Amino acid sequence: MVAQPKGDEVYNPNQSQTTLVFYLHDVTTGPNATVAPVIGLTGKVWSYTSFGTIFVVDDPVHLSPSISSTQVGRAQGILTASAIDGSNVNVVISVVFNNLQYSGSTIEIQGVSRQRENYRELSVVSGTGKFRYARGFASFETSFYDAATTRSIIRLTLNMIL
Amino acid sequence: MVAQPKGDEVYNPNQSQTTLVFYLHDVTTGPNATVAPVIGLTGKVWSYTSFGTIFVVDDPVHLSPSISSTQVGRAQGILTASAIDGSNVNVVISVVFNNLQYSGSTIEIQGVSRQRENYRELSVVSGTGKFRYARGFASFETSFYDAATTRSIIRLTLNMIL
Amino acid sequence: MVAQPKGDEVYNPNQSQTTLVFYLHDVTTGPNATVAPVIGLTGKVWSYTSFGTIFVVDDPVHLSPSISSTQVGRAQGILTASAIDGSNVNVVISVVFNNLQYSGSTIEIQGVSRQRENYRELSVVSGTGKFRYARGFASFETSFYDAATTRSIIRLTLNMIL
């Protein structure tokens, strides 16, 4: 089956492929938590491995792993423990930029985080502002975790066609 | 890095860019409410500025700002207060058409509504029916708000490549 | 309005259109349930026709309608009763593959299920692994329902450009 023409001849032959790398700073618990459980199945513990638990997340996004590096935005959205066996979390987040050349733009991400793997690949489904019509994939890799503070540093690599 | 060929030579050089404008009629409270809070963080007020509050929405979609204008569908989905500072709402909605030439089709929207701004840009991530393979961006602009009835009229401009 | 060039000349003229068919095995209630209500509007029954009810789903995905056929993955995500009149369910799911040539890949689906219709078309918004950059549409058709066990077999047809 071949895609058929759908209208006037208008298309963009000049697409560019871009790779951007950022670092999310995620804190699971305590007064500085950047993620919170909202609800879960009645009678079940609320956790990433407990089917049906829904979290809201708002992680700061930095240019480098250092918390003192420039912050360019926030990764905001919903995480849902979507596997009966506890393995996977369904993710719908927007990377909301509010600094540097990215300010006012967003990148939209959807997919599943296979929690038991260090390299977790999700999809870039679109974007806004400078990232209109973006498509691609996003990898999340935990590069640091401190159990005492429940702080993680997660490298986010965005591979996109714009 | 250059995108590599992925299969047989099949692509559509004839894409058309389309702009559609509709009007959402949104009522926040009362017996005619078109949006309802479902759940929020334990011990917190449920509101658009309270991190973790999840709403369900079903706004009628009209051809013009007048409530008596032709209704073409409904904007249905989930809104989540996704910013710790109360600024942003994460949005996943389908514009579900059931009238005129659009009947049976949908447009899928994902993104973040920066509530403090009048022009709020989200992404068109796809569509169905007449809008299969749609991509683009969607702006939401509040053109009318009546505090007494909590009724808003929101202009939705859809810029899409089909 | 014509799409403008956005960068270096890099694009893929070699896209392939693919159709894949799988079968979801969905059980609504009981100890083998593959879907569970998480929360709904206060004071309302939790159901697919009750506005505001949010479900989590994790259906096994098989190669054929038989439960003994090869399982290739799971369809995991969130279902939200998003219509005040009870007609529609908003869907955000990932088809998470863990077998055969698809292992490690996903397909991302978003859209609305018009419950009163047998042919329900949603969008393929993206994918990962072998399905990076996928776009298209997905039809869900119930091919079998057993009221005694609340088991449904749902044919999922994925039409995608890769």
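Note that the chains are named A, B and C in the order they appear, and that numbering of residues resets to 1 at the start of each chain.
Rule of thumb we're sticking to: a contact is a pair of C-beta atoms (placed from the backbone, for glycine too) under 8 Å apart; a residue touches a chain by one contact, two chains touch by 3 or more.
Computed from a prediction, not measured in an experiment: that's the story for all the values here.
Of all residue numbers used at the contact between chain A and chain B, under half are used by both chains, marking a mostly different-residue interface. Chain C is reached from chain B by a rotation of 120°, derived from superposing Cα atoms (nearest 5). Between chain A and chain B, the centres computed from C-alpha atoms are 20 Å apart. Contact of a single residue of chain C with at least two other chains is seen at positions 2-3, 10-11, 15, 17, 39, 54, 78, 92, 110, 125-126, 133, 135, 161.
Against chain C, in their complex, chain A makes its touches with residues 1-3, 10-18, 39-41, 51-52, 54, 78, 80-84, 88, 90, 92, 110-112, 114, 121-126, 133, 135-137, 161-162. Those residues of chain B that touch chain C in the shared complex are 2-11, 15, 17, 19, 34, 36, 38-39, 54, 56-58, 74, 76-78, 92-94, 96, 106, 108, 110, 125-129, 132-133, 135, 159, 161.
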